[in-house]
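Since the structure comes first, as structure tokens, the remarks are kept for the end.
Note that the chains take the letters A, B, C and D in the order they are written out, and that residue 1 is the start of every chain.
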């Protein structure tokens, strides 16, 4: 059986997922066969070019025509387009894979999770960083109790593409279109990774309370391609956020993200200290994990590219490093495998991160925003 | 003229300062001559041994007999002994050099700063990390505007000596004796360094608002040397703290310290991002500064050991690295020079960090504690 | 026009190149269209499986049937199969892309280069590390004179897959099949990279003299899958080599490779010191270049993933790192572009690294072996 | 009993040792008491200033008047002054501590070692880097067999103070005064450290054969302070050397040093690969050791500042890093302890590194020079 896939969105994320789909047969031959059936967008010319280059059979300008005609629906559009098409697809019984953050508002995320619960088909939220081999390896170590009781957690996602005040306005800077700024775009990744890594009851558990801080350093920005008569638009989202968090089981954490961190391009760093050890990870060196084991004296820099490291046997020999895009191949492999299992039998393992995970992250982000507005700690019920 | 110095405290800090005094003549020949006149402590036997080893002429068991008999009084005792002897010395017109944090309570710090204002002799607070050459070099860069407008500040001081729940109780774990835990012991260094580096009006300015979070992971600990009948005492201070801070001029920051950060021994890290560059410093690699300059693409790892680097011409050729203790030599040199200047003429330059700086740091720490108790942001007036 | 490609070899390198060919249309849309026409190998079953997975139309067990039937011939077989099929293809006027080292012996490499000179079609030697963006960026810096006059060059390629004396015998350990060991397999990469980076007349120029040192630490190894009656075969190649080299223009260098460097998986490091700066590169962190510029004080760690970095505009935004396999996409793009240019007009730019480059590297390697045998420096004529 | 010490040389090394002597009582209270008796030099005025600052009782301009009048003679003069005064002192029965390299020529070193053998008092060669705590810790690990059988050794000492062709001439650039350049000054440290770390019979054993390469990049240099009429003097020593070495037990190594390595100030790096692990050390981060242990996957960065690390209990708590100069305190402690032991009883443990060690290093350096001249490998008998 071949899965017909419909994809909404053909820019950055569209390319990342199309590439992943294209690579599965060669490297994950047991993945379900996939047909890149239809690419959805508004600008017909750009869409046709993209469909050609990304290997889609056809195009459509209205997602309504697509969601019930395909076996899987990928929602890779801007955040404000996440809820409606995803819900429609789920209501049509079509499995959905949606980019993060799940929705620009908590209400949207809740509606999406509701739809997923009702639909009983896989509904995945594409937090791709769970699928970095070093992160999967860290997860195993944590599950095995290697770090002991968790005391400290640190998550930091630094970029610098807005530090120039003349950097142009974009949809990501508008609250209506994006929901939030660095918080949603980057912070959602951090929250999801921490939930994945230490969220188990035996470890730190869920985040229970947060204290947030949001800042917009530059309030308006020029609209691109309007050089004669310079026009600006307001920036209505945060350029940076920080947060303090308290976990169920007593661990404490600090979170942070910025688009103003000069010199940092895509620097997502996770640090965890437990009673028996510590670990550190940086996305800019994603093949590496720094691990302090019980009995050792310092952090060990591990190149997570051995044959028995997660997913690595599908690729190259030890030391032949993977890139950012491989995380998409891994997550597509897992998601499509779940879809195929679901399609053929009832007991298919659910795919995670699911819409529930997307909602859980959104709850934390919303609480951080609330806390910033109210100037006090906010509990997650 | 030779300055007679009286020193209260003969353990860790006593040794660090005695060593600094002993090294001045060889490496800072223009420093005032110093006579290690009298060492003050309670345990006469241990005191006598220490005085012998650390090169003191005599000992005393009551600081009251000392503070008006010497030219300079060093207060290196535990935190709860900072206020009274220091104030008495200042009231006697004796310059005082006091270890950090200035006092266990804000009231104590205010009384000390009052006494200093009245006394009109140098009153220094021994935040030695200002005197790391790499920090002084960073300060110059910041003053020159190398980093532009400051957006982000991060300060983190990680140790792990309490991660073992059987680590013994000590005076540093008692609120009455120490004031606070990681917050006062480690956080005071962080707050002072950030004030020093970016506190100028042209940079981030002072810290205006804070949100704090304190945790005690282990509530009681065994008393050492009571093996037969194991006795424990309560831990009444924080094992770790974190804070979010907002600066006058709009920069945001996160602070953190812990005695539970497995694998970190004395890891004091400062990170600053500005509109034109960034910098990073770690105390465990104190000869280095990582700097992103405008026009460069990445952080440059600078070994701050060149002849024209701050204080370095007093020591060794480039690349012959300095250690932790050299910071004490530099701060003693500056403090004693200020004392000698003060003694001979009225217009002597004031020594910084002063009791005012100690008080300013204490205000931030107290606000962090208040914020943690109240669950909301706290303004510094 | 679509190029029909025939490929000899379907294991590690077969997969790396098939993947590269498959990815060109999506990321390098201006690359010539390619038809994976025929895959050549001896084991029919394994070959059929590989052809299916790697996307080839057909298979063949004799390269003689292929070399004049395709538009391009890829020779990715073991070293002892490099010369004959490549020469036959060139004699048939078919462009050839051959894996490195060009041949197991100098005579073989000379015959191949002769055939390439006569044939007047592109004959490429697949030194893929020239096509790492950070290496291309380093090349630009060197050509621009950023490092000034070159004094020192260091090249080191460390692996550890043979450190266990029970690691099984393989064809790479037989002189007849492989030519040499670490020297040819790893050292050929190092020599080619150094020739690429500093071989220009204005920089260090060619290597003029060498002194070599080869070692075999384990002389025989078990044959795999013969557990009952343990059989061993002799190791007749080097496990490690080192060399000192002198360049035309006075620079000096040290080279080294090993399969016994515990803890190093694929650690190819290049270091260059010039009168105005220095640079460092490590393959295990292939997205980074460490650069000391004139006027700076230390090495700057540059993440070479900006839009204007070589090849990066074809991929992802800044900080979204590439992997090892991307080097194959880049080299295939360049090679096929040269082939297409050659096919349509006479003035097509030659592809480099060519068979001449493969021969030049082989000359250095052979001189290193000769030097080791003779115990003295050997001149390259 | 107090040892009267006479010291020849009052510049860089004079200061380093005077500082070490001055610090012993406070930090190594069980060290023999020392009296800085007499400082020897030629320039009376500079000498008097130095004696005052460095704490010497008196001065002398002729070492002949000193060597038999003191309990210990320190020879810290330029290399060409090592042999005669050291031999005279030993002939007078005075223990000698001589800076490295032991002598500018092999003949000189042999004569010195002969004198030491005859004298039967401690004769130490001041290879201070043996006394870095991290090196002592590495030595223990190696002795315990942590790295298994040694395969590879790498030693590299990089500086850049001569990369500017206008850097002034100095005695270190004259063969008659210095013996050799980077080879003797820096390479002697490397050879000694490797002998110390892996020279035991159970490890790599002694160096058996060498192949050397020496280069002088700039042949003449301006004499300082002759600005009007620029005068130059020839550089008659090497600016840089490299060597390949073969050890008794089959390990291979590469050595290198340079004064032309832009960006490196005092970068002495040691790397060792064994069958069970690897280690790395860099002098610019001398508090750290990178260790790959059997069973671990990557190098562990160890801060060698724990209480039970070598010498560390004499200093500060964990993480309070030491500097370059502490190595002198440790070596003076060991040397003077040996002297005091020798003085009071016959069975005193010999101090190492001794003149024999200095001679052994000199033999390797001389063989490297010979090899470079002859263009072939040279055996050490």
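In this text, contacts are C-beta pairs under 8 Å (C-beta built on N, C-alpha and C of every residue); 3 or more make two chains touch, one makes a residue touch a chain.
Fair warning: this is a prediction, and the values are worked out from it, not measured in the lab.
> Based on the averaged CA atom positions, which chain is farthest from subunit B?
C
> Pick out whichever of the two, A-C or A-D, is joined by more C-beta pairs in contact.
Greater number of contacting C-beta pairs: A-C.
> How many angstrom lie between the centres of subunit A and subunit C, each centre taken as the mean Cα position?
Taking the average C-alpha coordinate of subunit A and of subunit C, the gap between them is 36 Å.
> Could you work out how far the Cα centre of subunit A sits from that of subunit B, in whole Å?
Going by mean C-alpha positions, subunit A sits 42 Å from subunit B.
> Report, in whole Å, the distance between the mean C-alpha point of subunit A and the mean C-alpha point of subunit D.
55
> Mark out which residues of subunit D touch at least two other chains, giving numbers and ranges.
Expected reply: 264, 297-299, 303, 306.
> Along subunit D, where are the residues that touch subunit C in the complex?
Spelled out, the residues of subunit D in touch with subunit C are 147, 151-152, 154, 158, 160, 163, 211, 213, 215, 217, 240, 242-244, 246, 250, 252-254, 256, 258, 260-264, 273-278, 292, 297-299, 375-377.
> Considering the complex alone, what residue numbers of subunit D touch subunit B?
Answer in residue numbers: 12, 15-16, 18-19, 22-23, 25-27, 29, 53-55, 159, 161, 264-267, 283-287, 303, 305-306, 315-326.
> Name, in rising order, each residue of subunit A that touches subunit D in their complex.
Its residues touching subunit D are 291, 293, 296-303, 306.
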